[in-house]
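Order of writing sets the chain letters: A, B, C, D, E, F, G and H. Residues in each chain are counted from 1.
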Amino acid sequence: MDRSQLEKLLADVRAGDVSPADAANQLAQLPYADEAARAVIVDPHRELRTGVPELVYGASKTADQIAAALQALAKHNGGAVATRVDADKARAVKALVPDVVFHETARALTLGRTPKRPPCAPICIVCAGTSDLPVAEEAALVAEFLGAPVTRIADVGVAGLHRLLARLDDIRKTDVVIAVAGMEAALPSVLGGLVDRPMIAVPTSVGYGVSLDGLVALGALLSACAPGITVVNIDNGVGAAVAAVKIARLAVRP
Amino acid sequence: MDRSQLEKLLADVRAGDVSPADAANQLAQLPYADEAARAVIVDPHRELRTGVPELVYGASKTADQIAAALQALAKHNGGAVATRVDADKARAVKALVPDVVFHETARALTLGRTPKRPPCAPICIVCAGTSDLPVAEEAALVAEFLGAPVTRIADVGVAGLHRLLARLDDIRKTDVVIAVAGMEAALPSVLGGLVDRPMIAVPTSVGYGVSLDGLVALGALLSACAPGITVVNIDNGVGAAVAAVKIARLAVRP
Amino acid sequence: MDRSQLEKLLADVRAGDVSPADAANQLAQLPYADEAARAVIVDPHRELRTGVPELVYGASKTADQIAAALQALAKHNGGAVATRVDADKARAVKALVPDVVFHETARALTLGRTPKRPPCAPICIVCAGTSDLPVAEEAALVAEFLGAPVTRIADVGVAGLHRLLARLDDIRKTDVVIAVAGMEAALPSVLGGLVDRPMIAVPTSVGYGVSLDGLVALGALLSACAPGITVVNIDNGVGAAVAAVKIARLAVRP
Amino acid sequence: MDRSQLEKLLADVRAGDVSPADAANQLAQLPYADEAARAVIVDPHRELRTGVPELVYGASKTADQIAAALQALAKHNGGAVATRVDADKARAVKALVPDVVFHETARALTLGRTPKRPPCAPICIVCAGTSDLPVAEEAALVAEFLGAPVTRIADVGVAGLHRLLARLDDIRKTDVVIAVAGMEAALPSVLGGLVDRPMIAVPTSVGYGVSLDGLVALGALLSACAPGITVVNIDNGVGAAVAAVKIARLAVRP
Amino acid sequence: MDRSQLEKLLADVRAGDVSPADAANQLAQLPYADEAARAVIVDPHRELRTGVPELVYGASKTADQIAAALQALAKHNGGAVATRVDADKARAVKALVPDVVFHETARALTLGRTPKRPPCAPICIVCAGTSDLPVAEEAALVAEFLGAPVTRIADVGVAGLHRLLARLDDIRKTDVVIAVAGMEAALPSVLGGLVDRPMIAVPTSVGYGVSLDGLVALGALLSACAPGITVVNIDNGVGAAVAAVKIARLAVRP
Amino acid sequence: MDRSQLEKLLADVRAGDVSPADAANQLAQLPYADEAARAVIVDPHRELRTGVPELVYGASKTADQIAAALQALAKHNGGAVATRVDADKARAVKALVPDVVFHETARALTLGRTPKRPPCAPICIVCAGTSDLPVAEEAALVAEFLGAPVTRIADVGVAGLHRLLARLDDIRKTDVVIAVAGMEAALPSVLGGLVDRPMIAVPTSVGYGVSLDGLVALGALLSACAPGITVVNIDNGVGAAVAAVKIARLAVRP
Amino acid sequence: MDRSQLEKLLADVRAGDVSPADAANQLAQLPYADEAARAVIVDPHRELRTGVPELVYGASKTADQIAAALQALAKHNGGAVATRVDADKARAVKALVPDVVFHETARALTLGRTPKRPPCAPICIVCAGTSDLPVAEEAALVAEFLGAPVTRIADVGVAGLHRLLARLDDIRKTDVVIAVAGMEAALPSVLGGLVDRPMIAVPTSVGYGVSLDGLVALGALLSACAPGITVVNIDNGVGAAVAAVKIARLAVRP
Amino acid sequence: MDRSQLEKLLADVRAGDVSPADAANQLAQLPYADEAARAVIVDPHRELRTGVPELVYGASKTADQIAAALQALAKHNGGAVATRVDADKARAVKALVPDVVFHETARALTLGRTPKRPPCAPICIVCAGTSDLPVAEEAALVAEFLGAPVTRIADVGVAGLHRLLARLDDIRKTDVVIAVAGMEAALPSVLGGLVDRPMIAVPTSVGYGVSLDGLVALGALLSACAPGITVVNIDNGVGAAVAAVKIARLAVRP
C-alpha cells in the first residue's frame, strides 16, 4: 500500500464510504505480511515511511524465497522487482511464477505492472564501458520502476574524451546524473567538472589485479577532487537509482 | 564571477551599456587569475560551470597559499572559504589577511561576505556524537556559504534511540539530510528507515583500533541496507555540503 | 563423560559400588579415543574441563571424518553435533551413519539424543534479515544442544525500526542476547542501547562489494558505541552459542 | 539517577512522602542535562535503560568537555569516570576540577565516590605482558567502578606456561575472566581450554611490524579454536569491563 | 647430479679412470636439461649449489609439464617429487608416467627412489588439528625425500594443553621442530617456551571469516613473543622441510 | 666516472698517453669508494652499468651520511643530488658542506655542477594540483640533472578540463610525459587518450580518508583503461625522472 | 584508419586525386562505428590519437561481443586482437568468426593480418618461471601485432642467477626490456642493476598464500631500489607491450 | 641461572659441597624474581628451558622498567641486553644505572659482561643498504651476546650484483646466514640460490609509499622462490639472532 492508496482509504472513511472499522481492518493487515512461514517477511508499507517500496535483493535468496517475496509485494503494490538474479535462478523463479519477466542485462525480474508513482524529473545514467552495462541497466530498470524517465548513455569513457563531450547536451537535459564506472573510475571526476547537476557515482567490480574487485574504483570516486559527487557501494545500481529518484522527485515537487 | 554577474554583463552588452570590446576584456580576465607566480591558480569561473565556486582545501597548503587563494577568490566572488585550517595556520593567515574570520569548531576561515546565491531548500545536518561536531560544522558552514538554510541536530546516536526519535519532526521539516557518523555509523541506517528525504552520509575518523581511522564507518555506510543513502569520503563535510546544496536547489527551482 | 558422570563414578567408588581398579580402568579410557587411525582424535572429556563438549567443525573434514567423530562423541556423551555441513556432505555422512539428522537451515548434523545438561537461563537469538538465518539457526541449534531454552526473533533490521521495538518485551524475557547481523550490522548497536542484558554479536558474511565478506560488519560491531557488546568471528554461530550458554548457566546457578 | 534512586522516588510517591507533581518534576529533569551549551550532552538515565551509567571517553574530547561531562554525571550519579586521558590532559582537567583523581596506569580520571551498585560476582583480569598493563588496569578500574570485585593477574604469557598454570586456582575462584593479550594473543586460547568460565578477550595494540597495531591480535582472538571466547575492540578495556559486569551480575542475581 | 656424483667424477679424473675431456663433456651437459621445447627447463645441478635438488611445484603447471619435469629430474637425480598436485591432476600425470606414486594426504607425486643424501638429524613435525594434516604431510614427505628421519605428532592444539605436554619428550628427542598451525596459531608460541630446538612455523589457510585464508595465522606467528621462531609462507610445507633439513644436516655434520 | 671519462682513459692508453699500469690503478679505485668507515658506500661507476649515476635518497640517512655521500659522488662525477631532504636536515648538511644548494619545493640538495650527459629529448612534467608540486619538482630537478630539457605544466586537473586541453600543444612538443596526480588520479587516464607519447604516471600521497596515503591513486593509475601508461611508487619523482630520461635518450640516439 | 592511411588520404586530396568532399565523407565515417546495437562501440580512430589501435579486452565480454568487436576493428584496421580469452570462449568466437586464430599460451585471438605499423626497435621480454609464460606471451603477441621485433627469454629467475647472466648479451641487443615476474619479483631489480635500457615490469598473480594474487609482486616491483623501473597492473601483458612499443618507436624515429 | 650454573650446583650437591637444603633454597629463589612491585617480572630461568635468556624489549617500557629489568637479569645471569632503546631513553636509563653501555646503531643497551655460553658456529649477517644497518646491528649485537662469532657484510644490494658476488666466499665461511633487506627485499632470493646454508631473512621497514612500512618486503621474502628461506617479523633483528644462534649451536654440538 503506497501513500496514494492510503490517502484514498482515509478519504473514503471521511466520505463515509468505508467504515472506520473496515478501514482499521485493512490497515491492521499492513504491517507484516508473513509469507512462507517466517522465512520471508516483506514490508509492504515501507513505501509509506520512506517513499520507496521494498525491492527484493535476490543474491542471497533461494528461488522459492524470491518467488514468495515478489508475489507478496506485487499483491500489495501492484508490481515488484527482484535484482541480482542470474539466468539459472530466474528460470527457477519463472517455473514457480510464470508471470515474471526476466531482464537479462539488468539481471532482474519484474512481476506485475509498475504502480503509479509520484512525479519525477528525468535522470541520466552514464557508463564508461560495455562491461559496466549490467550495473547501469540495473539502475535504469529500478529508476523506471520507481517512476523516473531515464536517459541512457553508454561507452563514454575518459580515454575517448570526444565521445563524452559529444553527449554533454543530452546529459544537461536531465536533472540528476548517475555515473557508473569501474577500473580507474575517472568518468565522474571529469563529468563533475562539466555539469552542475547532483551526481551519484557507482563503482563497478570490472577490472583485474590491483582493481581489487572494485575497491580501487570506489576509493577513486570517494577521493575525487570534483566536490559534490556522492557514492554508493560497488555494483549497487539499486541504491543509486533509489537515491536519484528521491532527488528527482524533489525537482518536480509541486 | 557567477552566473548572475555574467548575465548582467551580457544584458549590459545587449542594452548598449557596455561595449562588446569592454565585455570581451572583462571576460578575458576570467579564466586564470594567476596568483602568487604559478603556485596557486584559482578557478574563479568554476561557479559558472558547476554551480559551486572554488573552495580552498587548506590541509595541503601553506598559510601563504591559503591567504593568496582566499584573496583572489574573494575579489572575484565577494566572499571565500578555506577548510581544514588548524588554529596555528589560521593565526598565520590572519597575520597576512586580518579580515579573515576563523571558525574554530569547523576548522575553517572565511573572507568577505557570502555572495548572493540561488534559492535553496533547507538542509538538516545530524550527528551522532560530540566527536563528530567538527565535521558536521564544516558541512554546515559550507552549506550556509552556498546559500542553504541549515538545521543542526547533535548527539542523537543510536545507542540513545529516544533522542533521535524526539527530533524526527525537525528533520522532516527539511528537504535534504546530511548524517555525520563515526565508529559503527549506524545512525544513517536507522534514519534511512524513518524519513523519505535524500540523505548523504559522512563517515568520520572518530574511533580507535579496528575503526581504522574511519574506514569501517565508511564501509558500514556503503553497506547500509536502507537503500538510497549516498556517501562521501571520510570527514568530507565539504563534499556533503556541496552535494546537499545541489539537491536542495532543485527542490526550490522556479 | 561429563562432570555428573564423573561425580557419579567417584560416588560409586566411595560407596563401594565400584572398585578403584574398575574406576581406574574407566578413567583410563577417557583421554584420547583414537578413532580412525590417528586422523580424527576426539576429546571426550573436554566437557569436564571447559563445561562444553567437543563440537565437530565439518567444513574442513571429509564425510568419513565427520561420521567417525560423531560416532565417537555420541558413544561417550550420548549425543553429538557437527556444524558447517552442506547438503551434499550431509548425504554422504547419512549414507555412513543413517541415524544422523540433517538440519538444513542450520547446515548441521546431529546424532543421538541431547544429553542432560546443567540448568540454563533462556537465550534470545535476534537476526536482521532472512540472509542471516543460517547463522542464527546454527547458534540456536547449538544452544539447544547445550541445554538452553531459545527464543528466535527474525527480520528485525534497523531499517524497519518498528519491528524491533515491537519485540523488545520478548527479548527482555530472556537473560542473554545473541544478535546476528550482516552488512552495516547496526542492529546490535541499537539493541545495546535498549536492553541491559549481556549481548553477543555475530557478524555475517552477507553483503557484497565493500562488505568484504563480513569484515565491515565485524569492524562495525567491534566499533559499536554501545558498550558491553562482545563479538565472535564472522558467521560463527557456534562460538556465540557456547559463550551465551556459559553466561546463561551462571544466571541459574544454584 | 540509577534504578535504586528511581525505585526510592516511586516508593516515596506511593508512601505519600513525595507528591506526584514533585516526582514528575524530578523525572522531567532526567532526559538531557544540557551541559556547556550543546557541546556535551550527558545521558544520566542511561543506567536505567542499560544497567550501566555513561562513561566519558576522553580521547576525542577537550579538557573542558571532560570536566563538564564528569561534573554533570557526578552530580546525578554521585560519581563518574573518564578514560583515555593522558597525563597532560589530566592535569588540565584537574586545574578545572581539583577533586578529580588521576589513575596513571589506567589513564583514567574519577570524580566523586563510586555509587552503590547492584551485587556482582568476582571478575578476574589476566594479562600476558607488562605492556598490556594499561589496558588491563582500565578494565579493572571500570569494573570496580561498576561494583565488581576484581582479581588482577599479570605477566602470565604462554611463553612461560608455568606461570599461567600456577595461577589457575586463583582464576577459578572468579566467575568471569577478562584476558588481555597483544602480539600473537595466544593466552586466551590456552586459558579457554583450561577453565569453564565465560571469557572476554581484549586484544592490545602492543607489538610492531606485522602486528599492525593490534589487528593481528584481534584476528587471532576471533579465530581461536577454543569456542566460547568473545572479543572486544583493540585496547577496549572499558567495553570488556562493562560486558563482564553485566555477566557477573547475572551470577549473583537473587 | 648431486655433490657425491660430482666428487666421484672428479675422483675418477684424478685416478685416471676418466679422461678430462670426457669429464668435461659430462659436466657440459649439466647446466640446462631443456625438456619439452623450452616450456619446462629443469635445473638438475641446483643441488650442487644449494644442497637441495629442484622440487616441482605442481599448482601452476599442467599434467604434461609435471610429467616432463619429474622425468627429467628423476633421470639426473634418481628420484623426484612434485607437490600441490590434486587427485585429478595426479591421475592425469599417472596416465603419462605410470611409475609415479600419489601421496593423497600430502597431495604429492614421487617418481623413482629417493637418492642417497647427506646425513641428517631427526626432525619433528607437530600439528594442531586434523585440518592441518595436508600441510604437515607435505612437509614430512619432502623432509624424508631429502633424507631426514621424521617424527609426526598430530592433534596437539593448545585448547587441549595436556595432549601437547604429553608429547614433549618425543619432541625433545629430535633436533629441529616444524610446527604447523592454522586459525590463531598459538601452538608454536606455547612450544617455543618449552623446548630449546630451532623451530620453523608453518601457518595454514584453515579457518574462515577473519582468518583471511591464513593471513592472521601468519601474522600471529610472526608476532609470537617466544623469540627464535622463524616462519614460512602460508601452507608452505615444502619450504619448512627444506629449511629444517638444512639445519638438521648441520647437526650431524662430521 | 661515466662512460665518456672511461673512453677517454682507454683512448689515452691506446694513444700511449697513459700507461696500462696507471690506467689499471685508476680503474682499481673505481669499485667502492669507501666513505666514512663503511657507513656510506657510494657506487661511483653505477653510471657505467646503468646509464644513471647514484642518487642519494636522503630520507633514511643522517645529515652526516648525506654530506659524505654527496661529497664522494661529486668528487667522482662532478656533481651530485640528494632527494627527500627536509628543510631542517638541509640546514644541517649545509653546515657541513657549505657549497650545497637547497631546492625547497623539490626538497632536494645539489652539490657541484651537473656533469655533461648524453643527449636527451625534451620531457614534459604535468601535475594536477598545487599539492602535487613537490613531487613534480623532484622529478623535474632530477631529470634536468640527468641532462633532460624539461617543460613544467601545473594545475591542469580534470575537474577543470579546459585548462588541460589548452596545454595539449605544449605537451605534444615533448617526447615523454611524466604525469603526477594524487587523489583519484584521473589526469593520466584522460591524457593517455589524447597524446601518443610514452607516459609515466606518479601517484602522490595527497588526499585524506579513503585516499590511504596514495594507495588509491596508485591503484587507479594501474587500473587505467588507457593502455600504455606505466607507473612508479607513490611520490617517487626520482624513479619517474630516471625512467623518462632513459626513454628520452633513445629518442635522440644518433 | 591509422596515421599512414590518413596521410595517404590527405596527400590524395592535395594531389587532386580525392575531392575534399569525398575526403570529408570518408573522415565523417570515422568517429563511431556502432556495432551490435550500442552494446559494443569500437573506436577505430584511436590509433590516430594515441598511436595504438583499440585492443579487445575479452575477459568481461561475451563471445558475441568479442566477435563483433574483432570484426569491426579488422574491417577498419586490417587486423585485430582480443586478449584474455580462455579456450572455451575462444571456441565460441571461432564458431561465429571462423577466421580467428587462437593463441593458447597467450590466451588471445587474432583476426586478419597485422597491418603495416611505424618502424619499431627490438623489445626483449624476459620471464622468471614457466608459470609466468602466459603473461609474457600476451605481451609478446601484442608487441608483435603493434610492429615490434620481439626477443623472448624464459626461465631466468634469480634463484638460478647463472641462467640470467648467460643471457645478458641477448638482452643488451634490444632497446626496451619487459620483465615479467611473480612471487617475490626480484628479477627486474637484479636486471635493473645490470642493463641501461628502459625497463617495464609486469607482476604476475603466480604464487599462493601471502602472495595475495600478485599484490606482493606488484609492491615489490614498485619498491625496487634500482631506479627507472616502471610497472603496470598485475598480469597486464597488454599494457606493458603498448608502453614498450611507444618507447621503441621513439628509438627508431627518423 | 643458566644450565652451567645449575649443573655446577647439582654437582656440588652430589659432591657433598652443598647441602640439599641449601640447594633447595637457591633453587626456590629462581622462579620469579619480582622486581619493582609486580610491574616488571623477569624470568631468569628461561635460559634453562629455552637455551636463551630473557632479552628486554625496550620499546614499550619506561626507562625505570628497563633499568629494573636489566639489573635483575644481570644479577642472575652476569649480563643483560635491552633492545629498541632510542637515544633519549638510553640517557634516562644511564642516569639510573651508570654502568649500562649504549650501542647507538643497534639502538641497544648492555649491562655487565656477556656470560659464558655454549659453543656456537659462526654466523654471517648480510644487509642490502645503509638504511638496513640498525636492524643488522641489532641482530649482530644479540648474536654476539648469545656467544656467536659474527661476520658483518653491508651494502650488497642486488642492484649492484658485483658487490654481492665479491663477498660470497666470506659468506660461505659461516654456517648460518641472516639476510636483512627492505624495499623489494630481493637479496635473500638471490643469495638463496647461491649458498647452501640455512638462511633467516629479516624484512625492514625501510621504504615509503607502497612499501607499507615493510609489509611488502615481508611478503616478498615469504614468497621467495628459493626454498628454505625462513622469515621473522619486520625489523626483528632479535628474533633472527636467537634463531640463528639456536641453529649455529647445533653445528658445533659435541
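Following the convention adopted for this analysis, a contact is a pair of C-beta atoms (placed from the backbone, for glycine too) under 8 Å apart; a residue touches a chain by one contact, two chains touch by 3 or more.
These figures come from a predicted structure and were not determined experimentally.
> Would you pick out the chains that touch subunit A and also touch subunit D?
Touching subunit A and subunit D alike, sorted by label: B, C.
> Count how many hops through touching chains it takes, at the least, to reach subunit F starting from subunit D.
Contact-graph shortest path, subunit D to subunit F, evaluates to 2.
> Just to be sure I understand the contacts, which chains border both subunit H and subunit E?
D, G
> Same residues or different residues: which describes how subunit B and subunit F meet, taking over half shared numbers as same?
Interface between subunit B and subunit F is built from largely different residues.
> Taking each chain's centre as the mean position of its Cα atoms, how many Å separate subunit C from subunit G?
So the centroids are 55 Å from each other.
> Report, in whole Å, the distance between the mean C-alpha point of subunit F and the mean C-alpha point of subunit H.
Distance between chain centres: 39 Å.
> Could you give the separation in Å between the centres of subunit D and subunit E, each centre being the mean of its C-alpha atoms?
50
> On subunit D, where are the residues touching two or more other chains?
Within subunit D, residues 46, 160, 192-194, 209-211, 215, 218, 222-223, 226, 233-234, 236 contact more than one other chain.
> Looking at the whole structure, which two-chain pairs count as touching?
Chains touch in the following pairs: A-B, A-C, A-F, A-G, B-C, B-D, B-F, C-D, C-E, D-E, D-H, E-G, E-H, F-G, F-H, G-H.
> In the complex, go through subunit D and note every residue touching subunit H.
Interface residues on the subunit D side: 130-131, 133, 154-155, 160, 162-163, 206, 208-211.
> If you look only at subunit F, which of its residues touch subunit A in the complex?
128-129, 157-161, 183-186, 189-190, 192-194, 207, 209-212, 215-226
> How about subunit H: which of its residues touch subunit D in the complex?
Residue list for subunit H touching subunit D: 31-32, 38-41, 43, 46, 59-61, 65, 203, 205, 213-215, 218, 233-236.
> Using the touch definition up top, name the residues of subunit C that touch subunit D in the complex.
For this pair, the touching residues of subunit C are 46, 49-52, 55, 121, 175-176, 192-198, 200, 218, 222-223, 226-234, 236, 238-240, 242-243, 245-248, 250-251, 253.
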